[in-house]
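Below you'll find a set of structures to go through.
In what follows, subunit A forms one complex with subunit B and a second complex with subunit C.
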Partner chain A sequence: MSQAVLALPVSQPAIDRERLTAFGFALPSFLILSLVFVLPLALLLGVSVIGPEGPTLANYRRLFGTAYYLGVIWNSLRLGLLTTILTLAVSYPAAFALVRARGGVRSLLLATLFLPLAASVIVKAFAWTILLRSDGVVNQALMALGIIEDPIRMIFTETALIVGSVNIFLPFMILPIYAVVAQLDARLSEAAATLGASPLVAFARVIVPLTLPGVIAGVALVFSLSVSAYVVPTLLIGERYPTLATTIAKAYLLAREPGFGAAAGVVLLAIAIFVVALSTQLGREPASR
Partner chain B sequence: MITRLAIALSWTAAIGVALFLLAPLLVIAAASFSPTPVFDLPIEGASLRWYTRIGRLDGFWPSLFLSLQIALLSTVISLVCGTLAAIAITRGKLPAAGIFATALVSPLMMPGLVLGIALLQYFRAIGFTMTWSALLVAHLVVTLPYVARTMIAGLARFDFTLVEAARTLGCTYPGGIVRVMVPALAPSFLIAGLFSFLASFDNYPVSIFLADVRTKTLPIRMLQYIEEAPDPTLAALSTLILAGTIVLLFASDRMVGLHRMAGTSD
Partner chain C sequence: MSEPGASHLVVRGVSKRFGATTVLDRVDLTIRRGELVTLLGPSGCGKTTLLRAIAGLAQPDHGQVELAGRDITMVPPHRRNVGVVFQSYALFPHLTVAGNVAFGLKVRGRPKAEIEAAVERALSLVKLGHLGKRRISALSGGQQQRVALARAIAVEPDVLLFDEALSALDRKLREEMQVELRRLLQDVRATAIFVTHDQDEALTMSDRVAVMNRGRIEQLAEPRELYARPASLFALNFVGLSTRIGGTVIGSQDGKVEVDTPVGRLSAIGSFQTGASVVVAARPEHLRPGETAGANAVSGRVRSVVFQGSRTLVEVDAGAGESLLAELSGRDAAMPRVDEQIRLAWPIAETFAFAAEARA
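After this line comes the complex of A and B, so read on.
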């Protein structure tokens, strides 16, 4: 009893000081985050619903009530979906080879993932304009091989857009999947086989569930990046494929319609937040089961 | 049989991915040595004439210095702030540490363009009109999440009793952090710094809304060059930047190993 009374005043200030240190350490980042991220986004939301004559939903009505802008929203989603599906389809099998690779081969493969990640998006998109234009490398190669007789129009088509987008966002899909596959215990599939599971069953019931967190992380990252891509559609398809991102840029840089641009920005933000929230939820679920 | 087929498939995918990812980089490098303004196949001869023209690109040097300044400064500030926050989060003395950690990393998943217009509105509203400072402050939000993510992961594996041990041996708390924690976490610092520098140096969607006629970052200039006159000078410039990145990556691989970078980038 007397011990507890004695211990209390001694330990209390120590805890307070540690708490205070923790607050002090967190403060600079907290200030940056709230003053340069949260507050501006809140203001953006405000700008999108306040017109010259007080509160209005006119900007959103224009976005969701016009066939043209519904098409713009669909273009963004379509770009995000196609990029995500295609990158996932090649990344998943490739991640397994990456884990099996050893020594120099592994370093080489990892370098091919990191190098484009470190190269500017603008540089890569520019490279695709060189590769895909009518007198470009791909057309010349196809004609030299006799596959086609006349150059095909590739640049400024949806094919060019998707090829470029997949190329640029592919590393963001492979790396998270690689990280989970690398942690898989090779003995797991052996154990499944010992218990009589066929390789396909072992894959579907052991490997897929265990690698799901990496897949979810990759899908969320690639979708949220590609749905809001700006440089890629601008350089590879242009005016013919307006997206939310290009609409936002136009509203601010050319048309001077901040209210409308802000509304389009809020929609894009909502899509990103939805994807992140969904992926966090899905990523949590298997653990609680 | 199925297993062998699966292995063959995964290798095909991996090699296909490697070639597909390298294709644009190889094309840029090849185009930069092209003797003619239009890049043709087969390549006839090589020329360095485009490299000599880089320095003469309109507004190139100020943009390069601006981008380097912003990238270096925002990386250093983010490394300090992000590491302090990561210590507070991982030591578990902070209320709602999990939420704070998620919030710190969240700008990574947010569309850069939206952040750009939001900051444009905000800076205008509060009357903050200095372009250079606006760019630096904005880039902090771009770089901080990379540092926070890497340092939280790195610190989660760090044994803090080592700092306590240093204090028992007569070190002050800040001294213990600098002399024990910083060397032990050198790989994490390197990765965090590298990612955050590149994120800032390459950033286009945030910078475009904050730049003005006289203050343009290198990516803004580069897109402008592509839209105005896409000749191999730009390929030469890109090749040089790429070569610099290869040197950086090679040095990091020597120091910490690329597979560790892949692991922590999760």
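After this line comes the complex of A and C, so read on.
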């Protein structure tokens, strides 16, 4: 048998043609990304730590040393976390429903998921302001039905922010989960059942671990998108809810403090990278239990 | 627990329809404890649905299923204590080999030490004791098959169900597994049902074979009897080779019929009214070159001679679109040659007549 052989590390030939080819294919994207991504980020990092009198951490001290800016960081985190948790709660069952749906219904549901991606996030955020403002569609409908007498304040509340954010980022959660759920072998649930697992146990021990990669991809996408969202908080809640993204914009456009804006940008990027790296690590953990 | 030999699994009048199609049509089946039974039939005959009804994965429209003295018709699969080996194996890709085998015991909440011992025992039974820590994706098809078997055996189910479990293996490995699996199941005194469309698998593995056709069991018999005394034209066709010649009954007495066929008059075992359309059939090993008194005999021209090692198949064109199939062993003197004129004879006692309208 070849089991012993397989366990040994495969010795590498001096010139590995396959690796060379793979490197060749990766080269164009590597060059483009270095040019438009790595280089600006390096500049950003540089601007954030270099003041008029040489190297300084003053920008970071201001961010982490002021209650107001700690609140700003918390606002961003809160927006990212709430959006991610709620989108996940909606998307997980929705992905299963999508897979169960047949033919035309499935195409229709997928189209309703994909089409909003074609519309700009500004359009979608504006649509929510139209729905939610005092004389908006929702308030008028509720008043016409006699459920409320006076308009409820909906726009510029945290609820509006989270509802809009969940709606806008939903496809980025559903699609990766849908992709793994569609790959699930229906026989696995049956095998679990015949081995004595109740539907709930089978779900927890088989379905959840096998769909985890999709969940992790969705969480990484939605969290990094929502934690850094600019248009959504600006239009749906505004000044009352400053986030890192709106702070960056203000620092560059109004206060003319590029160093401080850059520092806020670096912090925001660090948060997003941390969450993406953490979730990737969770997904890689071998589940042998 | 019932004593060995007592009826262990009873299927009573089970029917199942999918839309307008009747997949199972009032099926009855009784299996004794420790018995290995095969459900044999073409795709769409209902064999897999019957297996799924026993496992609880398909709910019958009518009828009952009893296992180990308990009516399990309405019991969900996870409370039935059955073991299923799926065609695709359905191993859990996120668990190791040992994790897969331990799954059934873990969800039953067995103590850790007991689980470890049971996993070790099951894996050594299928000769995979050294691979417990492997990932499923690192195994060959044959090894995955063994893991699926070990996983099903580990929970000590009341009945083991195999859904085309060997069909994904290549021919040589499949034949080895057939013999090995039968020995293993006899060693652990398992009651098992195999679903297959492979007649060799059915004959090799089972104590009894149920030939299924259009949602019904046409014949339930030991492999030897099934081959030697098929109950219907369908069973005859599905298991083994045969010569089949259509004709009309012209006389009948003492359980024998005289049949007028395009190749002459033949006698066969069977009871039919005069004028009935029948098919006269015989197994190839009973056909011998030459003439024998009191036997059926037909002349023809040799169309093909196919050497298959221990046996040689000779096809003879008897004219009128009918052909004969004879199996000669190496010991038979003077193999006929293609285009040679030959006369083949076979005993009346090995000639059967079946109603022609049942032709499948």
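Definition applied: the second predicted complex is superposed on the first by the 258 of 289 C-alpha atoms of A that agree within 3 Å, B and C clash if a C-alpha of one lies under 4 Å from a C-alpha of the other, contacts with A are read in each partner's own complex, and residues count from 1 in each chain.
Assume a contact is a pair of C-beta atoms (placed from the backbone, for glycine too) under 8 Å apart; a residue touches a chain by one contact, two chains touch by 3 or more.
Being a predicted model, the structure only gives us computed values, none of them experimental.
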{"item": "Subunit A residues touched by each partner, larger count belonging to subunit B or subunit C", "value": "B"}
{"item": "First, second, both or neither for A:190, with subunit B first and subunit C second", "value": "second"}
{"item": "Which of subunit B and subunit C A:205 touches, first, second, both or neither", "value": "second"}
{"item": "Partner chain(s) touched by A:154 [first = subunit B, second = subunit C, both, neither]", "value": "neither"}
{"item": "Contacts of A:121 with subunit B and subunit C, given as first, second, both or neither", "value": "first"}
{"item": "Which superposed partner A:216 touches (first subunit B, second subunit C, both, neither)", "value": "neither"}
{"item": "Contacts of A:88 with subunit B and subunit C, given as first, second, both or neither", "value": "neither"}
{"item": "On subunit A, positions contacted by subunit B and by subunit C", "value": "198-199"}
{"item": "Subunit A contact footprint on subunit B (complex, rising order)", "value": "2-3, 6-7, 9-18, 20-25, 27-28, 31, 38-41, 80-82, 84-85, 87-89, 91, 93-94, 100, 102-104, 106-107, 109-115, 117-122, 125, 137-138, 140-141, 144, 148, 198, 202, 204-205, 208-209, 219, 222-223, 226, 230, 234-235, 238, 241-242, 245-246, 248-249, 253, 258-259, 261-263, 265-266"}
{"item": "In the complex, subunit A residues that touch subunit B", "value": "18-19, 21-23, 25-26, 28-30, 32-33, 36-37, 39-41, 43-44, 47, 90-98, 100-101, 106-116, 118-124, 126-131, 135, 137, 140-141, 144, 167, 170-171, 174-176, 178-180, 182, 198-200, 203, 214, 217, 220-221, 224, 227-228, 230-231, 234-235, 245, 248-249, 252-253, 258, 261-262, 265-266, 268-269, 272-273, 275-276, 280"}
{"item": "Complex contact set, residues of subunit C against subunit A", "value": "55-57, 76-84, 86, 88, 90-96, 99, 103-104, 106-108, 130-131, 133, 138, 151-152, 155, 161"}
{"item": "Contact footprint of subunit C on subunit A as seen in their complex", "value": "3, 6, 185, 187-188, 190-199, 201-202, 205-206, 209-210, 287-289"}
